[in-house]
Amino acid sequence: MNNLTDNLELLTPEFALAGLAFLVFVVDLFLPKDRKGFLPWLSIAGLLALIAGSLVMLWDEEELLYDGLLAVDAFALFFKIFFMGLGVFIILSSMDFVKNKLDHQGEFYGILLFSILGMNIMAQSRELLTAYIALELLSFSLYVLAAYAKGDARSNESALKYIIIGAVSSAILLYGVSMVYSTVGVTKFDDIASALALAAEVSPALWVGVALILVGLMFKVSAVPFHMWAPDVYEGAPYPVTAYLAIGSKAAAFALILRLVAEGFVPAGDRWEQWQLIIAVLAGASMLVGNFVALAQKNLKRLMAYSSIGHVGFILAGIAALSSSSDLASNGVMFYLVGYSITNLVVFAAIISFFNMTGKEMIADLGGLADHQPFLAASMAMGMFSLAGLPIFAGFTIKFYLFTAVATEGLLWLAGLAIFSSLISLYYYLQIIRQMYIEPAPAADGGGDLLQAHPALTQRPSLTLLTVLGSGMAAIIWLGVYPKPLIDTIQAASRAILP
Amino acid sequence: MQWAWLIPVFCFAAAPVIVVFGRYLPERGSWLSILAIAGGFVVFWFVLNSWLNADVATMGCFISENSGMLTCDYDRSWFNAGVIGAVGSVSLHWGILIDPLTIVMLGLVTFVALMVQIYSMVYMEGDPRFGWYFAVHSMFAAAMLTLVLADNFLLLYIAWELVGICSYLLIGFWHERPEPREAAKKAFIVTRIGDVGLLIGILLIWRDVGSFGMTDAFEAVRVGVMTHGQEGMSQGVATAAALLLFLGAMGKSAQVPFHVWLPDAMEGPTPVSALIHAATMVVAGVYLVARTYPIFSAYDADPLLIVAIVGLVTALMAASIALVSTDLKRILAYSTISHLGLMMLSLGAFGYTAAIFHLMAHGFSKALLFLGAGSVLHSTEFQDTGEMGGLRKVMPLTALVFSIGALSLGGIPILAGFWSKDEILLAVSDNRNTAFLVMALFTALLSALYMGRAMFIVFFGDLKEKNNHAHESPIGMTMPMALLGVLALGFGLISFNWPGDFGGIGTFVFFGHGEEFHFEVWLGAVSIVLAVGAFIFAYLTYAKRSIDLDYARSRFSWILNVIENKYYFDEVYQWTIDRVVLGISGFIAYFDRAIVNDIIVNGPADVAREVGIKMRLHITGHVYAYVLGMALGTIGLSIFVWLRTV
Amino acid sequence: MVDLVWFQLLSAALFAIGIYGVMARRSAVLIVMSIELMLNAVNINLIAAASHMEGIGSFANFDGQLIAIFIITVAAAEVGLALAIILRMFRNKSTVNVDEIDLMKW
Amino acid sequence: MNDFNQVALLLLIMVPLAGSLLMMFMPGEDKKEAWYFAIFVSGISLALSLIIFARYDYDLGGFQFIRTYEWLPGPLDINLSLGIDGISAPLVLLNGIILFGGVLISQTIKHRTRDFFVLLLALSAGVYGVFAVRDLFFLFFFYELAVLPMYLLIGVWGSSTDFGTFLRTKEYGAMKLILFLVAGSILVWVGILAVYVEAANNGAATFSLQGLGVLAQTGQFDPTFQTWVFPLFMVGFGVLAGLWPFHTWSPDGHVAAPTAVSMLHAGVLMKLGAYGIIRVGIFLLPEGADNWMPVLVSLGAVNVIYGAVSAMSQKDLKYIIGYSSVSHMGYVIIGIATLDNVGMGGAVLQMFSHGVMTGLMFLLVGAIYHQTHTRDIMVLKGLVGRMPVNSFFFAIAGLASLGLPGLSGFVAEFMVFVGAFRTYMPLAIIAVIGAALTAVYILRLLARTFLGEADPQWPDLKDASPIEMSVGAAFVGIIIFVGVWPEPLMRVINVGVQTIPGV
């Protein structure tokens, strides 16, 4: 046990991030009301510094801390950078909204930073309790953020639903942990793997435990049948928070699942091969339910919620295809996560700026957007096409890569199902594009012209959002056309977790 | 001789020039087209001459194993389907084949076309689409000449179709009126039906022989016959091919039941009728049968029997209709059909030479008749014989040449038609049973009758005063008529064997072996009696009006009815098209929209949306329901895990 | 010493009761309490297991207790947060009956 | 000049793509400049395609202009490997021609001009890509790229029509079209994955058509597998080729689409399907193809008859042409299904000739519709009086489509017949009869629309504009040239067809 305090410096980024969060809180106390605009920039600067720092510090480090509770490896690094980068863009795209629609800006960013910290730790934790703590750190911040629009009943409702279901699910998760622990006495992923490997003489409690752990995680990624909270929470939460939920928390949960499965289940050999089917079924159900129900949606955020359920199905398919023989699947999952998150980011940035202008959130309100906001419409359309998986956009490449991986793992039927449901998804994505490009602009609420009712529609979106949109679109096309560099890094990352 | 291809090329060249630059040229470039065809006519003489001087030694020439005629074949590659030499690759050619049959047709086409075009210069004067008319005319001439020159079926088919489309354009030349439009469409589609047969036949032959070359096909047939179908073309294929080819021939040559388009085609300008629907295009069918005679006559020549029967039926039916029709041009049209029938009959009766001979004689005479009719219409603006009469007083020359044509076709001796018809009757009496002969003779009688009728009604009797303004046509129209008249008069004389090396047409165009001209006295006598009698009867009836037919008319009114309604062919076809064809297509169109589109296509889409709408109800918005869902899910998942592990 | 199975049964029962409560109760506050019940079931399970487990070498295996302590703290935080949110809910809608909290559905 | 061969195909794809990307940032929505720029770009790509076609060495044969850019090596082994053979060379040329023509006559697009051309160029880039790549991934990539812009092109710039008994809105047409095509492409996608997996199981995981082709040649793919997977390609690509009964998207799409889009849609896009069947289906799964050809050829025959018959009783010009395209693609399908070098060559030639022919027809219909705002052949009449040139061109196109000798259509159809006669004689006969049916509706169309008294309804009806006239003249020239002297095309097509397995 002497290595408990060894090379703690490898955790500097985490400590620094926590410090940054507190700093934001403190500074917030001393800033006058009209100067709060400084805070987001502070946090962005901090995050950027952290990204640079951790890149310098942790470049190809391979270390296990605290007797293997935490891993500092390429996988963790990859996701840390990814999460912190996401954080930067989320903050960028939420600035205006927070300034105009919410109070207590300072805490908002502080809590955001804490959640990022939680995500980072999730990406590197190799043990159930640690993972759980990180998860709760993330979840709590999200509960708070979801409730952030204090005056808004919908925001409250979403937060309430979120916290209740979240709590139940984490209780289930913990119950699973406790059962696993009580049967095999260990909580580290690799120990679990070795325990599972010689599972013949172990009690069924172990399976149930594993099943419950799975439930807990599936809830986090809102996979069918643990998805019901997602639409409500997405719809009610303030816009940036919804974006954050859809992009950040999912990615983090998948990072955790990826590591758990890769280090905890896959080495168990044929045991895992038996369980692949279970994940595959969940994946298939998520795809179908998410995409079918999305067909019937009218509210933008809610639509995005269902569509994200569908995409979770795709990613789960990749998880189900994880195997010790090839890293194709894990590459696919990470690749998909990156591409999907960036695309989603663009879409949400567009939705947010549309909301900032009009305060509307129905699909029907998008009518004629292409006429008075061409750039916004273009970026939205690009995002939609990418989500639908059409080429020269990221969506196509990531889907192709992931589904190929799934197919090679002998799950061709699942790949086929995925491809089919992405056809279904095409329909509602196109509906949005149709609204923006083909339908005329609707009348304002009181009748009368929309543009007079919302003069903001005639000015261009704020600079911060434009940067998010622009860089996001560039990234989408880049990933769609030349993903090689990214995939090389991803390969390194997945080598770190796969045996 | 290998320069014969120049003949069509002149005209091919003329057409586009006129279309594009016509409006900038004097006379809209019509003279270009005349120049081209005249050039063709000149070249024709060179070809004839060089053929007469040619022998087996000449390049590309040989004695055809089938027809026994000196044949010259000049082949050019067009393009290759499939890499040259590779297995299954097909090389397509266009080459020319020259034998007496070709030469005869060349002469006919170039000459008549030349005459008609000169005639048209005047006839079509002042028409808004003057240039276009001549462009299409030379296009037609080119296609027709290619047709008779073709040495392989592919080229023949190409020319065949081009001829068809030109005829379509010319029939529908005055498209502002609905009738020509419809007539043109009818003509093209009806012939097209025959063409399907032709094309299938061609492909069938190709499939068997492996080449589109006619000589190759004939060779295959010959080998087949010699080896009794062991190798070469088997009897089945030969018969099927022959019948399919004949289908095409029936379409173009307006044989029953495809004859319906020709009378309507008279909606076109009269010169067009003269050239295309009397002298040249409609005989393409006869030419095709003659050209592919080896296939027809192979083995025991069953196809020829069918050819004979179709020809006979056509001849009779058309003649009978011509007898009662009152429209001058339609009378001529039906007479054309009838005579085409006779040619087919003659081919079907192994009267190869006779058929070709009659083809020429009829070509000249009928062209003459049409031009005459044209000049009548030109001056009277009437087409219905009821409106005419006594015109010989105002337009003597027209009357004269028209009469020549009529008498010639009616079979009055010395004139061309007499000799050729006599040859036909001879062939029939030699090779087919008496029934054929009797009906053939009856047809001859009828044709003399209706010719006489037309002639006497139009030109004899007393002039109606509404026709007082009528006048003789200008020289541009009469000159060609006169020239044709001379031919109609004297052409028959080439049937004799003259001193010198020319032993009559029988030794020039023949199949198998040349025959000197000979004349069956009793047959000739019978036909003369019939013809003369018919003309006298017609004279008494229609010129003198001394015989009254009302009794006969009322007595046989029902027959008359049937005949006057053209045996109800059009009605039947119309019904079929309206009820059957359009019915089906309407149904398909409806099916495509209502079933395929609205149900099979939209159905799934609606179902999907419905599924979505129903499925979303499971998210009730109540948190405990969600928890319930989670709990159930948890239990289910645990069970699933359990099942998968133990 | 009592056999581990009994503890496990107890915790299972508690957990079941808790989840039942979450589903059956209509007052948000009571739902939160039921969730507490579930978490405590987990704690019982963990501690019992830990106490029945022979550790590595001379050490006893304390992981169970550790986890339980963590859970207790986390649970406390959770409750606090939940109650805060419920309070806001009450401010805005003057009800905490989850039946009436369904602005968003389908 | 050899270094040109190195980059030729890359340029071919990149010029329109870059053009469309550049144009995205062009200021001003409805500027005429967009049109000029598009003309410039499409002109360059036309020149490129001409050069490439001219420099394709038919004595050498096989794939030429080969170049491979490493894209994603490793387990997936996806690389952007370019190269065209005798089959794709004429189609590349075709695309160049149609695109240029389509852009030229699109000066009528006044609304959001820029976006229109952005999408049009992107589409054509996709088409070029499909013809030029030799990698399954990129083939599919460009295939989808060619499909995706259609939605907006039709949805935004299209036109809705009320047919009395039923209504066809542009939204419906566009949505139907894209869903159909993507539905087809998902089958293709599954097929591609299946092939890849099979190849991986044979220890040669790759997406390179070349590598997979080698596997196929050496019989690595087990016949039953081929028999199971080929239908995926057959139907999946077939949808785009208008294969019955998956054809209904095509006429509706035409009716809704603006002129230039119709031209590209019928002229080039439908060819992608047929090309895909050859390039992917037959090249990679020869045995499977062999087993399925009877089905395919029967479907092709149904196409011919069904399309012709339903065209007969249509009243909308675009519907007639749309259904006639369905009918004519039937010949292409039959030709492909013969697996006979003549028939196959005929199919490729038919793709080319039908492309030009239909492009011309839609061009002219567009010119008419632009002035009369109707396409109903019951309303239109006597146009020849007012627009003689337009009518003349239309007549040429129509005659070409009814297979009049001397025009391109005949040569192609004739070769298809020849091939079919060698292999499936009864169906060949049906096809020949279909050719006769074509005459019926084409003549009906010509007679009703163009012949007859000039209609006083449109007193100031102008003839085709100089641009339309020159484009039309060029197309007519091509039709006649190919009809009279197909050799230049054929010798290229021949060598291409020669390499098809099973031929």
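In order of appearance the chains are A, B, C and D, and numbering begins at 1 in each one.
The rule is simple: a contact is a pair of C-beta atoms (placed from the backbone, for glycine too) under 8 Å apart; a residue touches a chain by one contact, two chains touch by 3 or more.
Owing to the predicted nature of the structure, the values given are computational and were not obtained by experimental measurement.
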Practice problem: Go through the assembly and pull out the chains touching subunit B as well as subunit D. | Solution: A
Practice problem: Pick the chain whose C-alpha centre of mass, unweighted, sits closest to the average of all protein C-alpha coordinates shown. | Solution: D
Quiz item: Between A-D and A-C, which chain pair is linked by more C-beta pairs in contact?
Solution: A-C
Quiz item: CA centre of subunit A versus CA centre of subunit D: separation in Å?
Solution: 42
Quiz item: Quick one: subunit C and subunit D, Cα centre-to-centre, how many Å?
Solution: 65
Quiz prompt | Chain centre separation (subunit A, subunit C; CA means) in Å | solution = 26
Quiz item: With chain centres defined as C-alpha means, what is the inter-centre distance between subunit B and subunit C in Å?
Solution: 98
Self-check item: Where subunit A touches two or more other chains, by residue
Solution: 160-161, 164, 168, 172, 231-232, 296, 427
Practice problem: Mind pulling the residue numbers of subunit D that touch at least two other chains? | Solution: 179
Quiz prompt | Multi-chain contact residues (two or more partners), subunit C | solution = 19, 22, 31, 98, 101-106
Exercise. Please list, in label order, each pair of chains that touches.
Key: A-B, A-C, A-D, B-C, B-D
Practice problem: Would you pull the subunit A residues touching subunit D in the complex into a rising list? | Solution: 326, 328, 370, 374, 378, 385, 390-392, 396, 400-401, 403-404, 407-408, 412, 415-416, 419-420, 422-423, 426-427, 430, 433-434, 437-438, 482-484, 487, 491
Quiz prompt | Footprint of subunit B on subunit A - complex, ascending | solution = 160-161, 164-165, 168-169, 172, 199, 204, 207-208, 210-212, 214-215, 218-219, 225-226, 228-229, 231-232, 271, 274-275, 277-278, 281-282, 289, 292-297, 424, 427
Quiz item: Mind pulling up the subunit A residues that touch subunit C in the complex?
Solution: 129, 132-133, 136, 140, 143-144, 147, 150-154, 156-161, 163-164, 167-168, 171-172, 174-175, 177-179, 181-182, 185-187, 205, 231-232, 235-236, 296, 302
Quiz item: Contact residues on subunit C for subunit A in the complex?
Solution: 4, 8, 11, 15, 18-19, 22, 28, 31-32, 35, 38-39, 41-42, 45-46, 48-50, 52-53, 61, 63-64, 66-67, 70-71, 74, 77-78, 81-82, 84-86, 88-89, 92-93, 98, 101-106
Practice problem: In the complex, go through subunit B and note every residue touching subunit C. | Solution: 616-617, 619-624, 627-628, 631
